[in-house]
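Every chain is named by a letter (A, B, C and D) in the order it is written, and numbering of its residues begins at 1.
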């Protein structure tokens, strides 16, 4: 896609002939420079630098590759969640979905299923969970935040019902590849999938009619419906996609752990939402970008990994993450307000 | 002429009963639940046992009342459980390191610290304008993290706390433990605050129609801030109660409890869209959850089914609420009057 | 440089593991040239432990000694660690055999199971009566093993009648509530056995709050410092635990042995400093020592230690 | 002291005048006689000059008040004086800035410039409480009340009487609100929940609320728009009473005969400026109208002869369970069918149902002779029927998204290949309509929300034309649009009809309906109240049909 429209030839002088309106006033690169993504990139670079200075082990390709395992599965879910949040909804049931999908895979494995079937089961159960969420939200019109708080307990609860105090662990060796395997050199299957999905999500959100529709719905669902968009169907689809992403994460996580217990992926929903919000997706819907989410995932990965290398307890990391979440959102607001005040003063 | 305004005001009575019906529905559901449990284990409905269940639900009730205030203003407070952990840890540490401090002071600290934490949420929502869910998602990890920082991760055990500190919630007055009395007191206070104070009415107004609230001279941000303070103070109180009741303080205290609290509100009919909800509903919603939690082990339902059951109950409650709130169609069409005079 | 041994707890902030860390430091000092990295996740999850393990691998520590939250889930990560030349042992709560070189049991599981039965019998008037078990999470390896051993040893204790097992998830409030439930559903239970240091405290508290001191006794595995109150109140007559300081000491020592080239093979005997030697069985596991019983006569002395 | 009257700017062309005088008319039963009088030519009278000395000193004075919104200068140096014991009528076209002024006076907006003087002293309102403390109260144009709360609480929220302990005194609230409602003859029970009231009843509650505060300055922003004749009379009695108590009253209305009855002074706004003020007795309707409009308005309705072709749309027996019943009409190529009715007559619901937003209970729609089954807006668009909604900001445009993206939201398929958007085509399409409509925007990537109302409407209409429809339904297409853009929108609609589009145009403005429509369908309380041909159609006929007050025509 060319953006030839931005060429200066179009900026005809005012008044002469029929008025022409330029496509944009600010060239794309300038817009980028002032964007959330640029700021996040800055944060990422800073964190990288600090990590590199603080720990002698940080600048090691294998270590960096290892570090990706800590956040990739959540980041994959975050890509899909970004669409849901973009459309003005939220899905808090992703952790439960991972648990249920993984439990179903365990049951299938116990019944003698091979790796390909297991992958399909994981994806299928994930999609089914998403479909149920989607039906609750899009068909019954329930507020998604409450509906998915319910399904969060329901899905994980079902996995407790099925598994109780047991464990599924006799997975075929092939499954481990999905969680531990490498595609090329140090590039793990997990991270490679994330990169591919990130590009795909970016293209879909920013280059397709579907992405446009999602953004319009998040901005103004009424106007979107009045413009002929099938709001319900699109929302349903987004929930299914998120379920599917959680299913994929379940496949990877199950492969990585080699075992399933009902407490798997506990509390992931908050981590995923944190990535999405930090990535600049407006929690009220309508704005944000996929690159932002990708960078946010990497920033969080770098922070937690860096702190891990320094053997800082995880809970201190979560303080850092919590402060970052509030800080990165509050700071631009406060700065903008201060600037505005100075301008009027 | 025909364009006479509708002369008779619509009957207000059936609305009252409609509202009451929601609470009645819950009472019926609770009665049914109790009957079902009693059928399998009659001991559960003995007064002593019911008293126990109420006592167990007391903390949930208190916190749900605070959360209800927040939800009424179209916000949500995900940080209440972390607030419990932090204030609980703080007062426990105070008690351990300064056993000479009077209990009243510790209680004041719990309330004050809880309120301060709520105020932080409230200020970020009011003055900075960050969506409540984002703010409390952040502070939820921060508060719990601070509990870790305070304690260095260590547990505070019963033998370290003073006997007076531990005794309060379980001291019986008129046959009920003080913990239960606290819940009853909180219900009374909430009843007053929600129904009889300008602040409480402002919560309803701000959640029901923020624009109109501004026109009425109310500040939605301020109302929201006060709701967060209210919720924080109650959570702080529960921080002490929790720690004293279970005689232990550690970082993971009340982990995930915020969801139970929100669920109690939703089951009790508080609208997540704001402006609708009642103290009675919230109490009943909390009791409903509390009874389920207490009854399941008693009737030998596998403990593993408990989570799925509460999930299903939440979904059902949300669906029920959505039905109740769905806008009834306005009536433009009047019965055809034949020829106009 | 120093030899760096990572001691990985189930979760940080648990008194038991803090005590073990003390022991490990003691061992490090005794050996010399050893640095202990004490770490762990904040809550008892396998995923948290895996993140910690990954960070340790990146730091290229020399050895990892872990008490696992989930014996299967952490195995792949530990396998990777061994692949990168790190010595891995598990202690307290085991890791599946492929994920570690040896496992140090605090005591032999048989002995513990037997001991739990014996404690229950001692607490029962006349040695006969109904017993309930309060476990930790349904997934804890050691809990399940010990409960299994308890049941196996039952024939030796004909007076015991185990009527229920409930799970408190190593959370005080849940354990407390589960105990309350037990007292209601099984009013004739005389003894509650909690082989978990969190559960036993909560159960004792619940019994005390229910006003059933003297009718129901709580026993199991607990820390003297946490149980002193319960023993004094009478909710607990006796309980047992091995010394976590010794356990940490031994774990650090064994890890050091492996770094120094010792082979963890079935039948091998590895030195553990002042704790003597660990004899590995066919599954490359070994037991440290017998559990030690505490009651009102000695609990206060030990409460000051751990 | 500023003089009570100001010269009319030279842009006001005296003498020429047309039906447009009724501009902004919110019709109601009582407005018939004056309406026709407005439509007669009256020569301009000199603005009331002297007499300032005899008037009491103003209680409230405004000087140079300005208020900007993104893309709109709502107020641009407004001057106004309110005097005790007198009613000042404020008139001006839709969008002239009247309500904005009310919001400034009640502390909801803060002015960008200018000063407010009360009793000669400068005052600034930090918020609505401050305005209330300065003893100003208002009935706002939109009823901004609380659906879930009772009538009594709606009246007293924010200034509820308290008990000794500082608690809300419910018995007092109920008693006082009952008394207030009784005082304005409103048969409403204080314990009723607001959501169960009709629009008119809500207005009465809003009036009671305004009267519940004891104040010196009472502002009424179109208080009569939704009221019946009797209720209006009751309100006037209240106004007289307030006047007798020496209060200063600002009364906003589009209905001149009401102003004749209650007002002592007048002020006229045009495009956010005060263009005239003085004593009511010194001015006649035509002068007021001329000041409001500020120019000859003949060319506002450029509807030329268009060739009316074959029947495109046929609707018959169309019904909805609660909103409308048994609606039948046809629409032909190049034809503009006006739909007239009072606010709340169910016209918007009918349009939305035709567009697939809500499902009808009965009835058929045929397009080009083929029966249609429209289950969603997408179906309607595919069939060639599109809808420009009444609430532009809520339903029409996605305000936060750029012009391009709004323009193509209805026809994403046309600017994409296999689901991928072609940026160049998208911009080309948007530019095509932007230039055709003479859109005033800095760039196509500007958010629609930063445009003025008229330009926003152009974007919305452009969005629909881009789908190449056969039938376009316009719901109040010029609501909240400034006068210049209004003419542009009218020109646009006429153009569309000339090019063969079938147009269904809902409007509450008689001049617009009379000027634009080939035929007019009137709706009343969800039912058809007649269809009239353009030829020989008078405003009286339409109003009579809309109100059911057929006797008045004779």
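Things to note:
We take it that contacts are C-beta pairs under 8 Å (C-beta built on N, C-alpha and C of every residue); 3 or more make two chains touch, one makes a residue touch a chain.
In UniProt terms, the chains line up like this: A = Autoinducer 2 import system permease protein LsrD; B = ABC transporter permease; D = Sugar ABC transporter ATP-binding protein.
In this text, all values refer to a predicted model and were calculated from it rather than measured experimentally.
Contact tally for B-D versus A-C: the pair with more C-beta pairs in contact is B-D. Averaging Cα coordinates per chain places subunit B (ABC transporter permease) and subunit D 43 Å apart.
Distance between subunit C and subunit D, defined via averaged C-alpha coordinates, is recorded as 76 Å.
Centroids built from CA atoms put subunit C at 39 Å from subunit A.
With each centre defined as the average position of its C-alpha atoms, the distance from subunit A to subunit B (ABC transporter permease) rounds to 31 Å.
In subunit C, the residues that touch at least two other chains are 12, 42, 138, 167. Among all residues of subunit D, none touch two or more other chains.
With touch defined as above, residues shared between interfaces to two or more other chains in subunit A number as follows: 164-165, 313, 315, 318. Across the assembly, chains come into contact as A-B, A-C, A-D, B-C, B-D. Across the interface of their complex, subunit A is touched by residues 12, 37, 39-42, 45-48, 50-52, 54-55, 57-60, 70, 72-73, 75-76, 80, 137-139, 144, 167 of subunit C. In the complex of the two chains, the subunit B (ABC transporter permease) residues touching subunit C come out as 41, 43-44, 49, 52, 56, 148, 151-155, 157-159, 170, 242, 246-248, 250-255, 293-294, 297-298, 300, 303-304. Within the complex formed with subunit D, the subunit B (ABC transporter permease) residues making contact are 1-10, 12, 15-16, 192, 195-198, 201-202, 204-205, 208-209, 211-219, 275-276, 329-334, 336, 340.
For subunit A in complex with subunit B (ABC transporter permease), the residues that touch the partner chain are 90, 136, 140-143, 145-147, 149-158, 160-161, 163-165, 262, 267, 270, 273-274, 277, 283-284, 313, 315-316, 318-319, 321-323, 325-326, 329-330, 333-334.
For subunit B (ABC transporter permease) in complex with subunit A, the touching residues are 76, 124, 128-131, 133-135, 137-142, 144-146, 148-149, 153, 251, 256, 259, 262-263, 266, 272-273, 302, 304-312, 314-315, 318-319, 322, 326.
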